[in-house]
Each structure stands twice: as C-alpha cells, then as structure tokens.
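Presented sequentially are two complexes of chain A, the first with chain B as partner and the second with chain C.
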Partner chain A sequence: MKNSLKAWLYLLPALLFLGVFLIYPLVDVLIYSFEEGYNSTSGTYFGVGFYNYSYVLHDPFFLKALRNTVLLVLITVPLSTGLALLISLGLSSIKALRKFFQTVYFLPYVTNTLAVGLVFMILFKKTPYSDGLMNLLLRLFGMGPVDFIDGPYWAKMFVLCFYTVWVVMPFKILILTSALASVKDDYYKAARIDATPRFRVFTRITLPMISPMLFYLIITGFIGAFKAYSDAVALFGVNLNAAEMNTIVGYVYDMLYGDSGGYPSYAAAAALILFVIVLTVTTINLTVSRKHVFYD
Partner chain B sequence: MESENRVIKDRKGKAGRVIFSAVIYFFLTVWALFVLFPFYWMILSSVKSYSAYNGEYIPTFFTLSPTLENYREAFTAVPLAGYFLNTLIFTLATTALMLLVTVFAAYAFARLSFPGKDLLFSFFLSLMMIPTELVIITNFQTITYWGMRNTFWGLILPSVTSVFYIYLLKENFEQVPDELYKAAKVDGTSDLKYLFKVMIPVCRPTIVTVTILKIIECWNSYVWPRLITDDKAYFLVSNGIQEIRENGFGRENVPAMMAAVVVISVPLIILFLVFRKKIMEGVSRGGTKG
Partner chain C sequence: MKVTLENLTKRYPNLNRRIKTEVIAVNDLTFEIPSGKLVGLLGPSGCGKSTTLNLISGLETPTAGRILFDEDDVTGLPPEKRGVGLVFQNYALYPHLTVRQNILFPLENLKGAEKLTRAEMLQKADEAAKLVQIDALMDRRPSELSGGQQQRVAIARALVKRPRILLLDEPLSNLDARLRLQTREEIRRIQRETGVTTVFVTHDQEEAMSISDEIVVMKEGVIQQIGRPQDVYDAPKNLFVAKFLGTPPINVFSARIEKETLFIGEEAVLPAPGLPGGTVTAGIRPEGFLPDPEGKFTLSLSRVEVMGRDTSVVAEHAASLSGAVRAIISSESRPDPESRTVRFSLKPGKVLLFQNDEAADRLVPPGQKEEDR
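Showing the complex of A and B:
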C-alpha cells in the first residue's frame, strides 16, 4: 500500500500535466463543437446541436482551405516518399562520402521552418528591383517571370509544395536509409550467386523487406501533410486567407485568434472535422498496408 | 574461347559499375546542393550591403565586399536579442520541467508496482495519438482564463508534456537489471536516491537524446507562442522572424532580414553538428515531422 502511494506520487506531475492540457481539452473540444452561438467573453451559448459543423462545412474559407490541404497532400506525399526512396537507394549503394551526404540531407530537419521559409520566399519572390533567382532560372528556359508569392494560384501552390517537400525529406531519407541498412545481406548474396538482375533484386527483395517502413512513412506523411500550416505562413505571411493559401489548421487558428478570431466553437468543429479526415485516411492506409506489406 | 568471353563480360560489367556509381554520385551531389543552397543564399544575402543587394537586378552568386552591417542592423533595429533570450528561457525551462516530469513517471512505470499499472500505461500510449490541433483550442482558453497570456508560464506549461518521451525512458529504465535494484533495496537505498544515483547515470544516453529532441522542438515552436503572445516582449524567435517579415526594418531590407535568419538558425545547426549521431538516432526511433 505504501509502495502504491509512492508510485502515484511519482506519477502525479505527469498526470496533472496530461490531465489539464491533454485529457480535459479533448473532452472540452467536443463540448465546444456542439455549443451553438458560444460567446467567448460571457461564456454563454444558446443551444446544442450540429450548427457549428454545418457552418464550417458551408464556409467558403474552409472549403478553400480544405481544397488547398488536399492538393498539398496529394502532391507532396507521393513525391517526397518516392524521391526519398530514390535518394536512400543511392545512399545505400555508395561507401565513400556516405556519412557526409547523410549529414547534409538531414540539415533541414533542425532548421526553423519560419526562418528558412523566408529564404524560399526571397528566392521565389518578384520585386520591383529584381525578378528573383527562380525567375532568372525560368528565363533560361524561355519562360516569363511569374510572381510565385503574390501571383497566380498554381504558382503559389507550386512554391508551397516545393518548400514542403524540402522540409519533410530529411525525416523520410533517414528512416528509409536505416530500413535499407537493416535488410539482411544474405538475401543479396543469394541473389548475386543467381546473377539476379538489379531491378529484380529491388522489386523482389529490397521493396518487400522495407515495405513496413515505407508504409509507416506514407501514413505519417499523410498525417503530417494534412496538418500543414507553418510552411504556408513562412511563405505567404500570417493572413493566409488573403493569399488564398490557407490550410485546415490555419482555418482553425484563424477562428480562434487574430482579426477573424473569437469563435472557439467553429475552431473546435473544424479541428474535429480534420481529425475525422485524418483518422479515415489513416484507417484506409492501414487496411491497404495489411494487404501489401510484407511482415517478417 | 569461353574464358575470353567471360573476361570481356567482366570488363564490361566493371565499366558498367563505374558509370552506375558515377550517375549515383552525380544525383546525390545535386540533391546535396539543393539542400544546401538556401543556407548558402541566406548567408550570402546577409553579408551583402543594402544598396548592393537592391542594385542587383540579376543577383550575384558571390560578393567581393562582405559587410557585417546587416547583423548590427538586425540586433539594433528589431529586438532580436530579446527574442533570442526569450527563446532561450522558454527552451531551457520547458526542457527542464519536461525532464523532471518524464523521469519520475517513467520510473514509476518501470520500477514501482501499483494496481492498474498496465492499464494506465496503455492509456498513456493511446494519448500519443491525440493531435495538438485538437487540444490547443481549450488550452488557449485555459491559459487566457488563468490570465497567463503574454507570460512565460503561459508559454511553458502546455508545452511540457510528452507522452512519447515517457515511453522511451520507461523502455530504457526497464533494461537496467533488476539485481541492481534489489541490491540497492537490501542496502536500504531509497527509491529517490536509486533513481538519481543509478538509473539516471546508467540511462544517460537516452536522457541526452530526449533532451536534445525537446530543445529542437522548443526552439522551433511557432503556433502556440503565436496564439498566446501578442506582446513583442514575449516573442520567441519564430514569432520574431514573422514579425520582422510583416513589419520589418521599416523598408524592404532583405539583407538585414537574412542576417536575422542566420542568427536564428546558427544555434541549432551547431547543436546538430555536435550531437549529429544522437539526434539522427533519436529521430529515427520516434521523431515525427513531415
């Protein structure tokens, strides 16, 4: 009994923090999302129901944010995963300079998203003084200057995807290189004795062996991309609605705070919608992976 | 005849391998340049003078007259030093509190016994699935209600908890042989003393990893600080850089902006280069970003 008391004492700080900042909010956000006409200052509301959800789902700003987010997910997840796979395969086939390349590739992980985003903005931005480096590059191919930061929608989406891929690559390369390193050498030796072609070795040995990690990356990639926000802020500034580049998470924060804020109920409803989307996508991913992943 | 054929084939195979690895090195170098280029560009732009930068319609890839003027500007025209200090306080305090909470909880799960332990631990694990976006709404209301907006406590308290680190440390604590614990008990050592004299020193590598990962997380945090502070005196570097971007140096002063970006990025890059192995190991064991 004395021991049990001691254990709870050791757990007390963690329980307090988790209780106040994780478990209580989880219950509370559900309640918020069903309270209609909630007023932040007085703390009153005048009904319970699905109005908040219906409001959010009919809000053009939310639909725009949803469209942006889905596009970002569909473009960046396959692109970054595929690219990371190619780079990791390259890395695992060399010996000299491997450590060096690995270190360089990991660098974006430890940088401040907001700060480096500013550099990308400078590279892509067209100003009265200069068309910017990216446009000079485009001119080499005979393409006209495009303002990637304040210009057409596709250009802005391009930069956002470009920067997102740059940011998420380190994690994916790291995971895939260690997955590739853990494939037993015996399989490759056997394939070499049989003189199996390189491509066949890849599809029959490498790919099945790393498939659990590959699916892990796809799943976390989807989750991460659905929560995109800081990258967009770094490129287009705080007012993402004006830039037409808002994301679902951005919509949640806009509803909560800032010039358009003060509506925690709408924010809660939007956050829960996002949660349901992510949960659904993850479940689909898991179902697919169970069919295709080779578990040892 | 047959052996001659084999020699030719081998030679062809060797040439093929050389070409193959040349192609691989080429692409790996291209990607390395792609990763490094933004860093190069920010350093380069930060040492160009204001007039030189704006006078270049076609940006030059090097400068013959580097200046540190922009760094002075970055520290004088905007309260960059203040942002820096705030981030340092926030990072150190949050990390220290996190360690304290995490170590005690992990110890309870790893070494002490109480009814319902396994159930509680699985409950903890399930908490890892809760996305921050979901709980941030209420936390914002809570901190506002407590009158902690624009305070360090308001910044720190909701950032402390990390279920994942409790899990990581608990796994590590459990690897310390039971015999040590029993021997310590026979000697009459208290749990607290055992934790600090044996457990923590033995598990130091994991504790260091957790500490570094948390420091990186704190240094780069943006969303929570943005929600909870609107007084510049409490801005962290991420919010500071955003503020510089929106309201800037009074004019479009890109070189000074880049100097600020360099100043903000350098501490973490140094940390990374020093603890490269630990960080990469830690992240591959359970980091998530992207």
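Showing the complex of A and C:
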C-alpha cells in the first residue's frame, strides 16, 4: 500500500499533464459532438443527440472532404511504401555513393512542408505567362497543357498525391534501409548456398525479416494520410472547399475557424468520425498483420 | 567425394585504404580432403581457417589456386552450383519458418530434372530430421529450440539435398560445455551414418582432436601440419603446433644440449643422442612427468590439484618459458603437498625438442623418429 502510494506520486506529474492536455480535451470533444446547437460565445446549447453527426454526414463539403481523404490514403500509402521499399532495396544493393543518395533521399524530410508545397505549386501551376515546368515536360510527350492547381479535379488530386508521396517517402526510406541492413548476412549466404532464386529470397527471407518495420510504416502511413491537411493548404491555399481539395481535418478546421467557422459541435462530430475511421482501419491492419508479420 | 585444394591463396585489400599492403588470409594452401572423412581445420583466430571453408563453399573466390571436387574444377563455380551443405556458426535458421519449413527450404529451390513433388520433399525432410533426431520438433520455430536442437536443424537443412560435401563453421562454439560434448559426438555419428565428406572449422583443439579423422593445423594462412590427431599430437612439426595442441598445454623450457645430453637449468634430464650441441627449446607434455625421488629434474612445488581422476602438480622452474609448470600424474604417486621441491624423471617420448624459432621444424634425433611414438 505504501509502495503503491509512492508509485502514484511518481506518476502524478505525467498523469496531470496527460489529464489536462489529452484526456480532458478528448472527453470535451466527445461532449461537444453531442450538444446540439451549441453556441461558443454564450456556451449554451438546445439539446443532446446525434444531430451534429447527421448534419456532418449530410454536408456535401464533408462528403467531398471524406472522398478526397480516402482517395489520398488509398493511393499514397501503398504507393509511397512500395516506392520506398524499392528505393531502399536499391540503396542497400549499391556500395558506391550510398551515403550520398541516402542524404539526397532524406532531404525532403528536413524541408519545410509549406516551402515544398510552394515549389510544387510553381512547378505545376499554369499562369497566363507560363505553363509551368511540368507542362513543358508534358509537351515533350505531345500532351497538352493542364492546369494542375486550378484545373480539373483529377489533375489536382494527382498533384496532391504526388506531393504527399514525395513528402512521406524520406522517413520510410530511412526506416526501411536500416531494417534491410539489420537482416543478417548469414541468411543470404545460407540462401545462396541453397541456390535460392532472387525473387524467392526477397519474398521468403527479406520481406518476413523486415515485416515489423513495414507494418509499422503502413499503420503510421494510414494514420498520417487520414490526417492530411497542411499538404493541401500548401498546394491549393486556405480555401480548400472552393478548390474541391478539402480533407477531413481541413473540414474540422473550417468548422472551427474558417469562413463558415464557429461550429465547434460540427467540428467535434467530424473529428470523431475521423477517429472512428482511423480506429477501424488500424484494427483491420492489426488483424491482417497477425498472420503476416513476424516478430523475433 | 574427395576435395583437393591446389596452391590456394586468398588476399584481401587492407581495410585501411591508406595502407596499400594486402592481407593474406590463406597462403598457398595445398592439401587433399579424403573422401568420406571428417577433417578439422584448426588454428587460432585469424589463421585463415574460416576463409578456407568459405573458399571451398564458394562464398569467396580465391585470388589464386584451384579447388577440385573429385576431378571437377569448381574454382569458378558459384556456391549454388557446387552442391555443398554449409552449417553456420550461428546456424542462420530462418526465424520466421518452422523447423520443417527450414529443412524444406533447400528442396523447394530445386529446379528442372531435380525438381521434387511435395510428397518427396516432405519425405526427404522427415528423413533428414530423423537422422539428426529432431523429428519430434518439426512444427516449432527456431526460437523455441535449445542451441543444440537448432544446431541439429541446421545440419539437417544442410544435409537434406544430399550435398557432396558438408562444411561446418565453428559448429560448437555457441553451445555450453555439456552440450558441446554431446553435439560433437552427434556430428561424428551423423557423419559416419551418411558417409559425407565433412570439413569443420574450429579453434578448439580438443574438439578437433576428438572427432576428426584428420586435422589440419593452420597459422597465419599457412598449413603447419596435416595428420591424424594423435600423430600430430605426438609428433608436432614445430613448436607452434606443439603448443597449440593439448590441454593442459605443453610445458616449454629453455634448454641446451651438451655432449648429446639435454640440460634444463643445470640438470642433465635426458640423453639426446645424435643431436648437435647448442641452445634448444624443450617441450614436455604434462603427462610426460613421472614422480621419482631419484628423478633428475627438480622443480619447486607450488601446489597439488586433485580434480576428479586427474592429479596435477603445479610447480615452478627458472627455465620455464610458459609460466607455471603443470604435470599430470597418477593419483597414487602424488607428492607430499608440504614439500618444497618435487623431483621427476621424464618419459622420453613426451619430451619434444625444438629450435628456438617457433616456426622451425622440430629437432628429431637421427633414427629416433619411430621410437617417439
């Protein structure tokens, strides 16, 4: 009893901190999401119920944001993880200049998101004066100029995905190269002695050995992509609804502070919907992984 | 299958690139591994024994020289074409696969005419598992096995595709003492049962002596001696080999020969007919001492140790080059532990004479070579 009191005392600072800055806001969000007609100035509300959820789920802006987010997740997570794996495999099979390329691939990670977004915008934007670098390249292949920033939906989605993949890859490459390096050489030697075909070495030895890291990247990749917001802002500016490029987090932000702002209840409901989606996806991931991920 | 190594040399560039010299891991190695024999490559770390093994397996390519499997020159062949089985020091079992899947792995790689049906594969895997007596553990993961069991799985995996030669890299060094003893008997048994030509690498002379048909003692990339373990022990070619083989190690003294007699200190301990006078190094095996009140070799007694059936006498001598002198004697003739000195007579066959240079050939009195044994 005395001991456990001491233990609780030691835990107290951390618990206080978590309680005030994590648990309390979480509970508060939950409460907001059920308070109908909440007014943030007066702090009053009409009743309690599911109206906020119903509103959000019927709001075309939210549905658009949901669609964008899901598309972004489905495209960028497999693509960025796959590409990162390919690049890491390449990096670990070269000797010369490996350090150099590792640094090059890591650079985007230490670069400011908004700055990168601006660069992307300049690369892809079509203005009355210039078609932008991307369109110059497209013309080489005989394709007409496309306005990637203010043009058709698919073009904008393409840029957003391209940008997201580019931004998230460095971290994945970093993790995967170190995971690949940690696979003991003896396994490969044993496989060589046994005349194992290259592809089989990859699927039966390399992949299982790095599966915990790969799985970690997929889970965090899903969560990260579901939370996308700043990327879209960097490319398309703050009025994402007008650009048709809003994301769920963007919708939450708009409900709180945007032009249509001042609706914390709607924001809370949208945030909780996002939470449920992420939770579901992560649970599915965990279930699937139990069969395919090998922990030493 | 017989393996012949001809003038095999392996040089590495120095790791420190500023030093232009090369490291010679294996230097002009020539020897033959007889078919169906168990051969131990023995030497201190860095002597090139593992490199030799890797050259035979094909994981490394020689700088010069040839490797023949029977009459086929395999020097240029990659490891997968050589038909070797290799057991790694840390076993290198695939941790995510079960024992059965591990043993099946090499079989599943077979292609073309060698390709097996699933049933054949399973049968072969079962046979291999039975041979090494792990057939009850087929569905476990390597992490659920003891070190000795993992070792057996590794041997089964190496043997399952019937390699022409089995290579073992320090097979026992990851096991504890008791298991080591057991496993080395196991390796001997498996080798006898399959009759596969086997080469194993070890730095432990006892291990090599106990199970090898032949041992190859190496030092700094050069073969020092090849022979049956007992022959090498009894008639080491030079002081290095003499010191390397035997536990406790041989006792080394600075000595001299005068008038065909061996002197250690001022005592004339043994006749040395036919040998020229001069300073020599004398090595006396621990079992070469006979307690004898009339003995000619006097040492100052430090202590008497009784360990199980062995009694060893630890003593000091001014001429000793190997620190405390250790003699193993029968327990009946144990000297009084209280006495200050102890006298021995020496068994002539256990006293080996060398030139003062460690690498120089042993001094053999003319006509005495056979009597040494």
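Keep this in mind: the second predicted complex is superposed on the first by the 279 of 296 C-alpha atoms of A that agree within 3 Å, B and C clash if a C-alpha of one lies under 4 Å from a C-alpha of the other, contacts with A are read in each partner's own complex, and residues count from 1 in each chain.
The working rule: a contact is a pair of C-beta atoms (placed from the backbone, for glycine too) under 8 Å apart; a residue touches a chain by one contact, two chains touch by 3 or more.
Computed from a predicted model, the values in this text were never measured in an experiment.
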Following superposition onto chain A, is the placement of chain B relative to chain C best described as a clash or a fit?
fit
Quick check for you: in the superposed arrangement, does A:Gly224 touch first (chain B), second (chain C), both or neither?
first
Is A:Leu26 contacted by the first partner chain B, the second partner chain C, both or neither?
first
First, second, both or neither for A:Lys184, with chain B first and chain C second
second
Partner chain(s) touched by A:Tyr216 [first = chain B, second = chain C, both, neither]:
neither
Applying the document's definition of touch, where does A:Pro208 land relative to chain B and chain C: first, second, both, or neither?
second
If we overlay the two complexes on their shared chain A, which of chain B and chain C does A:Tyr55 touch? Say first, second, both or neither.
neither
Considering only the touch criterion stated at the top, classify A:Ile193 as touching first (chain B), second (chain C), both, or neither.
second
What is the contact status of A:Phe158 with respect to chain B (first) and chain C (second): first, second, both, or neither?
neither
After superposing on the shared chain, does chain C or chain B touch more chain A residues?
B
After the two structures are laid over each other on chain A, how near do the C-alpha atoms of chain B and chain C get, in Å?
5
Would you pull the chain C residues touching chain A in the complex into a rising list?
57-59, 78-81, 84-86, 88, 90, 92, 94-97, 105-106, 108-111, 143, 157, 161
The residues of chain A that touch chain C in their complex are 184, 186-187, 189-197, 200, 204-205, 208-209, 294, 296
Taking the touch rule as given, give the residues of chain B at its contact with chain A in the complex, in rising order.
21, 24-25, 27-28, 31-32, 34-36, 38-39, 41-42, 45, 54-59, 100-102, 104-105, 107-109, 112-115, 117, 120, 124, 127, 130-131, 133-142, 157-158, 160-161, 163, 166, 191, 216, 219-220, 222-223, 226-227, 237-238, 241-242, 245-246, 252, 254, 257-258, 260-261, 264-265, 268-269, 271-273, 276, 279-280, 283-284, 287-290
How about chain A: which of its residues touch chain B in the complex?
3-4, 6-8, 10-11, 13-14, 17-18, 20-26, 28-29, 32, 40, 80, 86-87, 90-91, 93-94, 97, 101-116, 118-123, 127, 129-133, 136, 166-172, 174-175, 178, 220-221, 223-225, 227, 229-230, 233-234, 237-238, 249, 252-253, 256-257, 264, 267-268, 271-272, 274-275, 278
